[in-house]
Each structure stands twice: as C-alpha cells, then as structure tokens.
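Okay, structure first, notes after.
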Amino acid sequence: MSEKTWKTAITQINPNEVRLRGYRIDDLMGQVTFAQAIFLALRGELPPPGIARLLEAMLVSSIDHGVTPPSTVAARTAASTGAMLNAAVAVGVLSINRYHGGAIHDCMNVITEGLQRAAESGELLENVARDIVAEYKVEKKRIAGLGHRIHTADPRTEKLFALAEECGVAGDGIDMIRGIQKALSATGKNLPINVDGAIAALLIDLEIPQALANAFFIMARVPGLVAHIYEEQTRERPMRRINPSDHEFDGPKARSL
Amino acid sequence: MSEKTWKTAITQINPNEVRLRGYRIDDLMGQVTFAQAIFLALRGELPPPGIARLLEAMLVSSIDHGVTPPSTVAARTAASTGAMLNAAVAVGVLSINRYHGGAIHDCMNVITEGLQRAAESGELLENVARDIVAEYKVEKKRIAGLGHRIHTADPRTEKLFALAEECGVAGDGIDMIRGIQKALSATGKNLPINVDGAIAALLIDLEIPQALANAFFIMARVPGLVAHIYEEQTRERPMRRINPSDHEFDGPKARSL
Amino acid sequence: MSEKTWKTAITQINPNEVRLRGYRIDDLMGQVTFAQAIFLALRGELPPPGIARLLEAMLVSSIDHGVTPPSTVAARTAASTGAMLNAAVAVGVLSINRYHGGAIHDCMNVITEGLQRAAESGELLENVARDIVAEYKVEKKRIAGLGHRIHTADPRTEKLFALAEECGVAGDGIDMIRGIQKALSATGKNLPINVDGAIAALLIDLEIPQALANAFFIMARVPGLVAHIYEEQTRERPMRRINPSDHEFDGPKARSL
Amino acid sequence: MSEKTWKTAITQINPNEVRLRGYRIDDLMGQVTFAQAIFLALRGELPPPGIARLLEAMLVSSIDHGVTPPSTVAARTAASTGAMLNAAVAVGVLSINRYHGGAIHDCMNVITEGLQRAAESGELLENVARDIVAEYKVEKKRIAGLGHRIHTADPRTEKLFALAEECGVAGDGIDMIRGIQKALSATGKNLPINVDGAIAALLIDLEIPQALANAFFIMARVPGLVAHIYEEQTRERPMRRINPSDHEFDGPKARSL
C-alpha cells in the first residue's frame, strides 16, 4: 500500500501565486466572468468567445424553479430543523438525482445514440428519430427531456435554442432532440422539449462530457437552494411541516428588465 | 399543528412562465450573467451596473485553491470510494465550516464591530483598529481574514481592492480591514489581508447579509470541487490513500490571457 | 505546516488482529451486544453489567417515530429522487439538529445547571427546580425535554425511568428533570417529560458527555431512517410530492410480545 | 399531480402510543436489544430466537476498523474544519460506497448467482464455484469478499462462521463463499474470506434483501464514525492536514474480556 506522489492538473499553488489551468487567478479576476471561469475549471480551456453568452444563459435557466422541486423541499426541511446553511445545501444537492435533474444525463444518452446511428447508417436524423420514438413506444419507456409537469411550452427551451443559433453553436444535438420531439408529436403525443432536454442538446454541441451533466445542474441550482434556505431561516418558524403544494407567491410583481 | 398556506418571494411558477424575483427567466437569459442572476436570487434585486465586474471577480477569486483545502481532500476521498458526483460535492460542501471558508464570516464580525465603535465614538478608523488589535492581543485571539498558510501577499486581495476602487464600491469595510492590518503590522506581526478578509470587507460594502457569507464561498467553490471530483474519478484508482501533501501539478504551463 | 505522527486511541489494527479499545474484536463478537460495543467505542470501557438493559432500551426508544419527523420526510424526499441509500441516510442525519433531536442536548444544559446550583447552594432540588421554572417564565423561554406535539404522557419516558430504577442508575439527573416537570405543572402548565428529556437525564446519570447527546439520537435513529428509505424505494413512485400530514398506517395490527 | 393519502407500514403513532411493526415501543424497551429492534424495523418481524447472538456479532464485527478507511478519513477531515457532529457523520456515510463497504453487496451477487446455477443445474456447489472462479479469471475481474489489504486471515470471518454454526444459521451462503475461496486457492491465489464476504454469506442465509447490504454496514459503522469524530474534535487542532498513513495507536493496552 505504498503511496506515490499523485498528480493534479487543475490549480497550481505557489507562494503569492494561484494559477487555474495555467492562468494567474488575479489575471482572470476582472477579465472573465464566473461562468467563464467555471468552464475553464471544468474543461481546461476558456470558452470560445462566441459562446460565453450562451453559457451564462444555460446557468441562469436552471438557477431556480420555485418551492416544489424535491431538492428545495428537502433543503427547506433540513433548514427548518436548525441545520447550518452548508448542511441544508448538501441536503439539496443530495436530492438531485436521476428523477430530478437527471433528465439531462438521460437525454444525452438518447441524443448521442441517435447521432451515432445516423453517423453509422448515413440515415437522415428525422428517420433515426422516428425509429427511436417507435422503439421507446414498444418498450413503454419515456424519453427523457420531453414533457414537463407544469409547462406545455417550456419558455427556457426556445430562448436557449435561439441563443445557440446566435452564437453559432446550434448543431446536431439540437437537430436530434427537435427531430425526436417532432417524431413523438407525430404519434399524437405532443410534449415540449423541456429545459433539461435543451441543456442536454447544448452540452453535446459544446462537447461537455456527459459525466458532468448532473454537475452542470448542481452548479446552476446551488444559488437557488441558498435563496430558499435563507428564506426558510429568516421567514418561517422552526420544525414546521412543509406541504410543498400549499404555498403562495408574495414576492415582487411581474416586471421587465 | 394546523398548516396554513405558506409564502415564498423567490420564484413564481405559472404554466409556461418562470419569474425570478419578478423577472421572466427567459428575459434574464441572454441579458444578465450567471453571477448577476445569483445576486438577484439572493438579494431580490439585480446588482447596480457598476458592481457587476467586481461581483464576477469575487466569485472567480474563490473558485479553487488546489488539492490541499480540506473540502477538496474530503470530496476526493469520497469520490475515491465510488461516491456519485453529487454525494462527493455534498461532502465538500459539508467540509466548509468555521475553520475553512468561515474566516469570511468571522472577519465580518471584526469589521462590523470596528465600524460600529467608530460610528458611536466618532473616533478615526485607525484608532479603533489599534484598539481592536490590542484587545485581541490581550485575549490571545487571532483576527480572522489576516494571514495565510502559503501566501505572504495574497494576490487575490489587491486585485479585489483595485476592482472595488474602479467600481466605486470601496468603502468603510475596506478601510477598516486595512486599518486593522496596519495596526497589527505596527505591533511587529505583518500578516497580509487574505482573500477571505478581502471578501468580508466587500460583502460589508455591498450590504450582503453576514448570514450569506459562507454561502458566498460555497457557491464560488462548488465548481472547483466538481473539477477535482471529476479528476479523481477519471484519473485515479479507487480506494487510494490520499496524502494531501504529496502531490505534483502537471497541468498547463504558466500562460497569460 | 509540517506533519507529525498523530495519535488515536480507538482501534488498533495489526495483521489478523483488530482491537477495539484494547479488546480483540473477535472476542467481543458473541460476548457483547451491539449496544455494549457502541458504549465501549464511545466511552472507552464496557458498560457496567447492570446498565446494559437500560442502554438497549434507550436506543430502542428512539429508533423510529413514524413518517412526520423532518429527518424522515427529508430522507424520503431524497429517496424519491433516486438517491442512493447512503445519500438518503445522510440527508436524514443532516436533518437532526437543534429543533429535532436537539432537545436532548438543550435539556442536559437545564439539568446540569440545576444540579450545579443545588451543589453550590445546598438547596433542595425542588427549590432549585422552582427557581429555574420561574426564570424561564420571565424570559419566556421553553424548557427543552418537556411537552410533545402528540403525546400528553410519553410512554417511553416512564419505561426508561422504571428501567433506570431497576438498574440502580436513577440518580440526580432524573430527580432534577422530575422536579422541573412538577414545578412547571404547579404553575398550571402540565407538560410531560418527553423521551428527549428522559434520555437527557439518563445520559447525565450515566456520565456520557453532552457532546455525544446528538450522536446518541443519530445512532438510534439511523435504522429507522433506513427502514423508511427502503419503504420509499420499494413502495412509492419516484418524484412524488410528499405531504407529511397525509398518510395512513397499513402495517401489522397491534400485537404483544 | 393530485396527491392521495399515502401508506406506511413501519411505525404507528397515536397519542401516548408508539407501535413499531405492531409492537408497543415501551413493551419492546427492556425486552429486546437494539440489534433485535433494528431487525424488527427492517424486516418487519423480530429475529428468530436463535439468531440474536449472531446478529449482534455481525454488527459488532463492523463497528470500526481504525483510522485508515476512507469514511473515517473523510469524516475526520470534515470534523477538523469545524463541522457539526451530524455533518461529519453524514460525510462518513457518504463515503461508504462500492469500493468501501460495497463488497458486501457485490459478494452477494456472486453467491446468489452461484446458488442459482447450482439449483438450476443440480451441480455440486464446489463445481459451480470452480466454474465461477475460472470465469472471473478469464474476465480478469476480482471476486468481492475475498482478500484484505491488511489481514491474511480475517479474524472476524471465522468467528462469524462459528457463531452461525452454533445458531444453526449456517447454510448454502456460507458453503458457497467457502467453495469459491477454495476454488480460487486451488488456482494458486490464496485469499481469505474477508468480513464483507462473511457478512454477505450470512445476509443471504438470513434472507435479508441485498438492497439493505450497504445499510447493514452503515448502521454498524456509524458508532465508529462518531467515536473518531469526537476524538478529532477533542484531541486535534483544527484544519490539520490528515495523512491517513502516519498515525500511532496510544489507547488501552491489549486486554481480555
């Protein structure tokens, strides 16, 4: 069980010098945004100039979705017992899994498989999409990234796709998920592409590894969790029973930028 | 134990409409950065135009600090047992506490107390600072936010203060911590203001509640934790014994933006 | 930041030999119960023969309390998102805090203070108890360990006190909490000693450090959390909204040992 | 998204009455041990009289294994940052996964598959074991439950098997893992059955579902984690770098019961 020196390629620390992926952190500060630094930390390179705006929008799109997601309910429940803020954040993060947030990961599987089939067979994406929809129907499986329990047209999806177009990122990933959505719709089941499906397509077009799909959602949602935990701590009495369905919004009225 | 409808002021969800603090999320997407959306989620309003760049830099400054911080060691240890990514992130978040990250919180106490004393007594900040340093010396307590186990001049601090100056944010918070640093130095103990001390001063000048100090560090550090967990998962064998001191950097060579 | 060899006094590992607090673990196996081994691990010595039965009962008393405690709700919420069992357990453990489980810790404060006052002043416990109740009334503070949102007479309390009597453990801790309960009752507020209050008194009489009070509750409750997580995983559909108030019991009918 | 009343079969709460799987908890207290109550909570029935001693021994066997297991290292690392006890326990629990503790789960797969093959083919267990060992060799896979990085003969294994024999539990599970160990040994690779392999065999012979294998290890190890966290909190300075290899035991000298 001997130990050898182990290696890391992320951050280099020397006295009075911190370098993230080779760049001085005090050079990055003031010149790149937090979202760009996230990309640098995870991918090892700064994002190509064009996509910075898309990247920001992807993170903004998932920052919060109100009080009903289970990660929010669990984090608020922990907070109401007197948990410290970091413990309540951890509870929220631990509640982001296959059935909540995980659609990004699963939808990447579907899109990747579709693209591979198209590449191997030379078939049009729309034909491959039709086959996949038919196969899922036979196996009675849901296709991740389509449908939403509240939205019939997810407002975040079209915005992300429009920004991807503007940034010149829109590629096969978006085409594939759109093809699948159309093919499913043609069978009489008109489900919208939800924000998870949209992000799945974009992560593929941005060549971000699938292993980081869940991480992407977690990084985006942590600030939302913090906002809910802080609201719970400052606004509610301890040890209340939280019925996630029984709430009202009393924040700022609808307003425009 | 009756339950009444409870209230939330963060996010309003209606079919095909998601509003964060009153703004449509699809309007925010493409127009504000992730860091600006974080500020909106936590404070309820978008950051004043001038400070956006400072805010990005504050988050960038704390994104990672290599493999030795205990949150990184703990997260990598969990990852090496086969933990899922979100569980390893939770482990890292749970390891951010009083003695790691918590200096921001504790330093805000010192600065706030100093500012209150100055306001009440009409004394100059430098005199108040000298008193505080003397009192801590008598009580043999360390002043949070000063000194670093590796850096004798924390490169992140001066950059943050310079940006604060540019943004017109630099206020009493920065003056106070600088006063304390000078007063301590005059006693023969020349410790630099570290990044936690700098952020503490800025959070005060930005009027962000102290209860969110730890949250600020957590939000900034989660992407760094993700990078380390992913590196552990893809580069190391499972169940290795991790000696935090025994590592080498083999990432990109020093480079400039 | 040099590292020296550090010390541990819990378990000694040599090839083919594991010793817990000096005893071979394969000698302990078959001769001591799990509860006795827990005591040995935490206190460094095996429990005195008489108290083993009391110790078992203390742990049994807190093993579960149905689906409404927030640790159970949070653990089930995480499980319903597809969390792995250990992650859902962690969520439950993170939801055991000051307002849930923490009454043991807080009640130990009250009892300890009462006993100290009595020792210093030579006053009768009942007089000290009356003073404490009066002081809490003036400060409008609740006394931890008294009252229960469901039980008007906590069935676990009297059983624990009876067993303590049998084991010869019943000491000043029990007398003090009983005195406080009576004094409060005399003011017209007849609240029962709840299971947390009973355990607080027993931990004092057993000389278990207060720092382990919360640990005691956690160790006892983990199996209950596991049972709920497993039930959630095997019986409910994923991503359901869990209203803690809206449930029915459909397990075994009332039965006797 | 309508909500219906949901069901639970674990614990029934009525005013002044708590029933675990049908039994009054105040009847269980004083009559059954903690380990027996754990079995009742998880399986729905009290353990058959004979096996109580075995059950205690299984839990005792895994209560602690010194400072090098990653769950202990991670929990101590969190504790050294100032984490609350429950947060440090959660960190430890989150570090029990496939490569640490998970051997129980994986070994149950091997044993179950072996027993199924034997049942279907009518072959002798020793022949099935030989086939399985040969197949793993071809696929260059390790067999979970065999071998230990420290012990060449795991002292816990033989004790557990001896107790199982005494209790009349020893069945096909033990025979199968022993057969596999012998078959592997015959190929020149003499690895001992480790404690995980022994518990895997016993869980099968006790008909405890595989989904609870990891839970079993977690429940047994939580007290050990608590002991280490408490030792870290009371004995070490905050924010130390923990090298898991560099420690000494300074607890009680070797002693007998």
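Labels A, B, C and D are assigned to the chains in the order they are written; within every chain, residues are numbered from 1.
One rule holds for everything that comes next: contacts are C-beta pairs under 8 Å (C-beta built on N, C-alpha and C of every residue); 3 or more make two chains touch, one makes a residue touch a chain.
In this text the structure is predicted, and so the values were computed from the model without any measurement.
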item	value
Given subunit C and subunit D, the chains that contact each of them	A, B
Chain at maximum distance from subunit C, centres defined as averaged CA atoms	A
Centre distance in Å when subunit A and subunit C are each reduced to the mean of their C-alpha atoms	40
Euclidean distance of C-alpha centroids - subunit A vs subunit D, Å	36
Centroid spacing, where centroids are CA-atom means, of subunit A and subunit B in whole angstrom	23
Shared interface positions of subunit B, touching two or more other chains	1, 3, 68, 84, 86-87, 90-91, 94, 96-97, 241-243, 245
Subunit A-touching residues of subunit C, taken from the complex the two chains share	68, 70-71, 73-74, 77-78, 80-83, 87-88, 90-91, 94-102, 238-239, 241-245
Touching residues (chain side subunit C, partner subunit B) in the complex	1, 3, 84, 86-87, 90, 94, 149, 245
Complex contacts: residues of subunit A adjacent to subunit B	1, 3-35, 37-38, 41-42, 44, 53, 56-57, 59-61, 63-68, 84-87, 89-91, 93-94, 96-97, 150-156, 158-160, 163, 209, 211-212, 214-215, 218-220, 222-224, 226-228, 230-231, 233-236, 240-243, 246-257
